[in-house]
Structures are given as structure tokens and as C-alpha cells.
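One chain, chain A, appears in both complexes that follow, with chain B as partner in the first and chain C in the second.
Entry: the complex of A and B
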């Protein structure tokens, strides 16, 4: 646990100095502006919750994938992978802690997004169920870290997956019900989207902003946790496998 | 004294890269190495000799293909965690650091990876920064550091777990002379504390300056192990004679002797005679003395010459 905390703190320091973070945290409020402008123009200010939440989830997803995408390969090119593997620390725990730091930082975009709705659009998005919101953000950040750690391993095992890195954004924004609710998606896509933790996160976050009482709060939080834990387990297994392979072949790349 | 590091018939191969046909690259071909506890061992060899491969196996990040290796009695293959806890590793180069962070932040991460946390970690980090002379720069970004400073930070990183055995892979590459001198001082301190050091290098002067014993390695094979002085002495065949005031006809006579491999006059007039046997050296000395030459001396080869001789001329193998 202390390893997790220290690795988290380290990555937080590193991420706050990274241009990727700046990029994501600068673009998130711009998306909010776009979505707010559209909803206002359509006279649908009731959609403000979407306009505020979509950029938050987008930055959560994209920053996590950007960082996770080259966490392992960057350690390798920096020459720290071997030294890190030579320490007694559990490498999967270190990876998970570091990605969690990134996802936690990206939840800052919620504040940005909320402020942009308030000024210049003058829409105060009320948080009707603050505890639900908080729990949902925390669990989503953890689930995102689990998913991203699996991605970081995938990129190493299948270098071609890296070329698809950018394609991992919009399809998931859709499946995750970030831009439009899952219920608007074609019937056949819905079961699939239920396997993506983001779809649970985005629904529940919107519920947290809406005055109606939140139904099935615990099962919905549990769905996020379970899908996140599954990502975590897969990521941990894959990273362990990668390390075993590096130790026997002496190289990360598949030959 | 027990051995801190021990390898038996240690072999490591890599599949040959595509394009070079089948077969395999033998990075280490059955290495037997013993490093006594508390000593500084140099591993000296050209690029591609297998030095880094050996360091990686000892630090458990690479598996042996066959044979065994152990650190403080712990097998690198099976007792991985125990080995990891007893060694510190510094892989050379100026990579391996987080440039956007401060040296303190860098060291804090590595300490946490060795299960140091909280105040114990802060204390250890301060102590090490002081020790490698980076206290004054503790709050600056590592990006702006010179290579020598980065190298010292590397060394601090290797020491973070207070390891009994320290493996340094080309630690001084890229250091300026002042940094190298400080580095040597630090090596002295570390051995005074009873640590065992394995230090790879292709710099002869360095091996000669800091190592108790030096092992020559080439093509994955250990060629010889001895103290720098005795390694040189073992190659007494390599002795040479230097003399001033030698006439040309005497020089011609020297060249004609059977045990003389080379006799030439340097700019400045000094004659240097390379001999291949101790008997030849005596003959050369006798001839010079009878020719009335009094300014003469025999010169032991430096480690550098031994190295060039053993590794540069593979036809003449030294029996280990």
C-alpha cells in the first residue's frame, strides 16, 4: 500500500510536468464550450449535464490511454525498466499506482468543465447527489486505471495495437455513452456497451447531477468496480507475462 | 572469506537476429566467476564481450540459458527476491533518470521501490544526495545536469537500498576527470564499508586504479583473473627494455636477437626493445651493457598493454 502511495505521488509529480497533461486539461474546457454552445443553440439547456460531463470522461479516458500507452515502453527507452524490474517491488502494482495518479489528476477537468458552464454560459449545473458523484468519480478513476494498465501491456505485446491507439478514443466515447446516452444507441450495440465501465460511469454521473433520486445506486457502482477490477486483473496478468518474457528473451519486442 | 558472487558454467545465448541465418549468439560461454566478499572486481573487456549480459543475470533481470549464478548464496533464478534485496545495480549511460523531476524525487521513487517509506526514506535520500555531492542541486530538474552529475545521481540510486553487493555497468562513461576522481574516492569509501563491487569497464586506467582484482573477458569467455599488478607480471614475456644512447649498429644487433619481437628508436632517440621471453630480456640487457650503454631500464607492461595483448591478439591466449 505504501508502495502504491509513493508510486502514485511520484507519477503525480511527473504527470503535472508533462505536456500531454497540459494538452488534455486545456482541451477539456474547450469541448465544454462546444457542447454548451450546441445545447444552448438548440434551446436544450436541460442537456447541460452532458456538456459538462462528456469532456470530463473524455479527458479521463484519453489521458489514461496516452500515459498508459507508452508507460512501459517509455521506461524501457529511458533505460529504467531493467533497473525497476531489478527492485523487489511488484511492477504491476507500480504501473497501476502510476496510472491511477494520472486518472485522478484528469478528474480535475470536472471542475474546469463545471466552471466553463457557469461562465461564460451562466448555467450552474447543480450537483444534486454529491456523494454519488464523488464515489462514481473515484471508482471511475480506479476502473480507468485498471483498463489502462491492461492497455499498457497490450501495446507491448502487440506493437501494432499502438498504431490503433487513436482509434481507441471515439468508439469508446460512443460505447461509453459519453456523447449520447447508451439508450440512444442501436439495440444490438447496447449489451456491448454494458461491458465498457464508462457506460456505467457516464449514466451514473448524469444521475448524480439530476434532481431525480438515484435508482440502483449500489449495483451501478458495483458494475464500475467489477469491470475495473477485471481490467486490473487482466492488466496484472499481462504485465507479469511480459516481465517473464523479458527475463528469458532479453527483449521486449516480439521477435 | 566467502564469495559474494559466484557463477558456475554460466551460459547465456540469444537467437541470432533475422538475416544472419539461424544459429545463436553466445553472449556468455560457460563462465566461472568468484568474487570474494568485500572486494572490488573489475570486469574488463571490449564492446560485445558479454559484460552487460553478466550484470543483467546477476541482477535477476535476465535468466541464464544454463549454469548457475548466486549472490550472497542466493540463486538468481529461484531466490529472486533475496537477490534483489541484497544488490544495487547501476546500468551505465546518462539515461535512466526522470529528467523533468528533481534528484530528490528521482531517489524517492527508487527508495519506495526498495520498500523504504516515510521518514526513513527522506533521511536516506538526504544522506545520499550529500554523499554524491548533489545536496546543493536537490531542487533542480535533472534535465539541466551535466553527465557527471547524472552519473553521480545514478550511483546514489544504486546505493538507495544500502546494498551489500553493488553492480556497476560502465559507471564512469562520460564523466569528466574531476567526477572520475570523486567517483574513485567514493568506491574507496564503499569498500571500506565492507561492500562487494563488480564494476565493468573498458577503461584500463580505471580498472587499475580502483580494482582489487581484474577479470579480462572477451567473446563471453573469461581470459584471466588477477590483481592488476600480477596480471601484468604474468605477462613478463611482454617486458620491454628502454635505453638511451644506443648506437645504430647496436640497435641492429638487438633486432637480430631471436627473442626480440620489435626494436625501434623513438623520436627523441630512446630505443625501445620488446622481448617475448625473460631469457631474451637478459640477452638484450647483456648486449646493451657490453656496448657501454648505462641509461637503461626494464619496464613492466601496464594493464593496458596486457589487455591489448590478450584481447587484441587472440592468437596468444593466456592460460587462466
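Entry: the complex of A and C
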């Protein structure tokens, strides 16, 4: 737990000092402007909640992916990766804690998006079920960290996969129903989207802002937790196996 | 005359560097299934917004706007690739060379508008018909000219911004992403430019994307050729204006950095 806390604090300090890492805190309000403009122009103010929530999930996803990619490559370029791996501290825990730090920071984008809807668009998006919103945001941030740790394992094994880092954004925004609910997707795609935790998060976040009672809240929160835990388990397992292999072959610097 | 020959040689070598950089970053496989796939997913994402709105005209507007936007997103990578010279420590050498820094950087990232134009044309001609946006064979040559015009004129905007992150590479993603999102919001990609207040419209009118996209929409609407040419001319004029500003910005940066010894090898 202490290791997790220290790695979390280290990454939080690092992130807040790097303008590029927190760029989502600038882009999230801009995405809100784009989505709010579309809904206002179409006279669909009922979609304001969607316009506020989508940039939050986009920030969570893109910042976690960026960190997952940067984390390994930066340690490698600084020459500290070998030292990190040689310490008795669990490397997967360090990776998970550091990604959790950035996903936690990126939840600030919810406040930004809400403020942009209020000014300049004059739309006050009411949070009808604050506890549901809070739980959903916390679990989504953790699920994101778990999923991203699996991605970081992929980047250790295949540095060239970082070229594709950018490619993991919009396909998942679409599958995750973050702006357009999954029910609008073709029927054959819907089962696949249910395997992406974002689809559960986006649905539940929208329910949290809707005046209607939240149906099946616990099972939906559980789905986010289970999918996040699965990503985390896969990530941890992959990192452990990859490190064992590169330790025995002495190829860590070359992976 | 000698100056022109030397400048064109610098541009040629710089463009060769850009091409080598592009080949090192992508294979045909990773470009097609990684990059192109990602950009087509972005267009599809906004197309589904149109479907959700339930209005065919809105769907068409979003599909065309976002298909053209793909070339802008890619072109704005000029900010990141220019700043990489600062990170790898080549700026003092470039600054000491007997050529203007602006010409080096003009060729240095030319891979992005070329690749971006290809991405936008695939989006317009192959993906857009899936959402009901069809083009007749007579409209295609106009698109093939107008999309690269939009990409190249936007490249000048990106080049201007590059001068500001050359010595502050930590802000490269922040600047390029913010710049293309501002263009996405105000240049008529998602909503007509008229939607915005007059001061926003004034800013939009200085950006090449506003006019390039308007020209492409005019082609789609079968507007008179004069309308298309008028908008294309404005896009070109804006592009030239931004290029002049980029050259000035690089010259000022060069002078300032030489005086203050601001370029270093450290990266």
C-alpha cells in the first residue's frame, strides 16, 4: 500500500509539472464546446449532458493511454528502467499506481466540462444522482488504470506498438458509446461494445444526470469493476511474465 | 537566382528528411490499419452523432466536415515533428548553417499534409458514401485539388505555431491539439460558421480550413464554379498569409536565439 501511495504521489507531481501530460485538461473543455455547439445548433438541448460527459471519458482514456506509453519509454530513455526492475518493489504495482494518478487527475475535466456548458452556453447540467456519479467516476478511473496497465505491458514487449497508441482512441470512443449511446450502433457491434468498460461507464454516467431513477445501479457498477479488474489482472500478469523473460535473457534494454 | 537554387535545395533535402521520418514511423500496414483506421473511426464517430440527431442534412454536414478535418488533424503534427529537432539537439547546427531556418522547417514536416490529404480523400470518397454522401465522377477532380489545398494552407498555420514550441517541446501536444480543436469548433466543421458570434467568425475567416471546407461543400452542393474558385482563392490567400507569418516568426526566433544562446545540444 505504501509503495502504491508513493508511486501515486510521484506520478501526480510529475504530471502536474508537465504541460503535455495534462493537455487533456485543455482539450476537454474544447471538446465540450464542439459537442455543445452541435447539440445547440440542432436544437437538442436534451443532449447537453452527453456533451458534458463525453469529454470526461475521452480525457480519462487518452491520458491513461498516453501515460501507459510514456511511462516505460521515458524510464528506458532516462536509463532508470533497469534500476526500477531490479528493486524488490513490485513493478506492476508501480505501473498501476502511476497510471491511477493520472486518471485521478483527469477526472477534474468533469468540472471543466460542466463549467463550459454553463458558460458560454448557459446550460446548467444538473447532477440528479450525485452518489452514482461519484462511484461511477471513481470506478471508471480505476478501470481505466487497469486497462492501461495492460497496454503498458504491450509497449514493453513491442515498442513499435506505440506508433499505434493514437489508434486506440476513436474506435473505443465509438464502441464505448461515450457520446452516442450503444443503442445507435449496428446490432452486430453491440455485444462487442459491452466488453469495453467505457460503454458501461458512459451509460451509467448519463443515468446519473437523468431525473429518472437509476435502474440496476449495482450490477452496472460491478460490470465496470469486473472489466477494469480483468484489464488489471491481464496487465499485471503480462508485465510479470515479460520481466521474468527479459531478466533471464538480459534483454531489458533492448525490448 | 543562386538564393532560389539554394533554397530549393534546402527544401528538397528537408522534404527527403520528412519522407525518411515518415517511413521510420509507419509501415504501409501500420498506416492503413493504425492511422487511417483511427481517422476513419473519428469520422464515423461524428457520423453517428448525425444519426443520433436524426436529420439527414445534419448527417451530411458532419460527415463532409469531419472527413476534411482529418487532413487538418494530421497536418497539425507539424508542431510535434518540428519540435523534435529541439529535443534531439540539432537546432544549434541548423542555426549555424547558412540557410534560413524557416525553409528547413517548411520541408521538414511536409509528409503530414501529403498523408493527411490521402486520409481525407479516402474518408470523403470511400467512407462518406456509407453515410449517404455520394460524389459524381465530375466532382472528384475538384476534391482531389481542394483537399491538398486545404491541407497545405493549414500546414502554414501549423508551421507558424511550430516556431513557438521549438524551444519548448514540452508543450507540443498541448498546442497542436488545442489548435486543431479550435479549428474543429469554429471553421464550419461541425456547425456553420454563422452559428458563432461575430468576433469568432472574424477569427475563423483568417483560417484556411474555413474557406477550403466551404469550397468542398460548394462542390458537394453543385454551386457555381465561381463560388468554388472564390473560396479556394481565399484559402490560398490565408495560407500564403500564414506562411509569411511563419517565416517571420522563424526569423525572429533565430535572431533571438542566436543573441541569447537559446538553442542547445542538450535536447
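One rule holds for everything that comes next: the second predicted complex is superposed on the first by the 249 of 255 C-alpha atoms of A that agree within 3 Å, B and C clash if a C-alpha of one lies under 4 Å from a C-alpha of the other, contacts with A are read in each partner's own complex, and residues count from 1 in each chain.
Everything that follows uses one rule, which is that a residue touches a chain if its C-beta (ideal position, glycine included) is under 8 Å from a C-beta of that chain, and two chains touch if they have at least 3 such contacts.
This structure is a prediction, so every number in the text was calculated from the model and none was measured.
By the touch criterion stated above, A:84 is placed in contact with chain B alone, chain C being left untouched.
Contacts of A:10 after superposition: chain B is touched, whereas chain C is not reached.
When the two complexes are overlaid on their common chain A, residue A:246 makes contact with chain B while staying clear of chain C. Of the two partner chains placed around the shared chain by superposition, chain C is the only one that A:170 touches, whereas chain B remains out of contact. Once the two complexes are overlaid on the shared chain, A:2 sits against chain B while remaining clear of chain C.
Using the contact criterion defined above for the overlaid structures, shared-chain residue A:233 touches neither chain B nor chain C, since it reaches no partner.
After overlaying the two complexes on the shared chain, residue contacts for A:18 are found with chain B and with chain C alike.
Touching of chain A by both chain B and chain C, each in its own complex, is seen for residues 18.
Within the complex formed with chain A, the chain C residues making contact are 25-26, 30, 33-35, 37-39, 41-42, 44-45, 48-49, 51-53, 55, 58, 62, 170-174, 177-178, 181-182, 184-185, 190-192, 195.
Contact residues on chain A toward chain C in their complex (touch as defined above): 18-20, 23, 26-27, 30-31, 33-34, 37-38, 40-42, 44, 47, 160, 163-164, 166-171, 173-174, 179-181, 184-185.
Residues of chain B that touch chain A in their complex: 14-15, 18, 53, 56, 59-63, 81, 84-85, 87, 89-91, 93, 95-98, 100-101, 105, 108-110, 112-115, 117-118, 121, 157, 161.
By the touch rule above, chain A contacts chain B in their complex via residues 2-3, 5-7, 10, 13-14, 17-18, 77-80, 82-89, 94, 246-250, 255.
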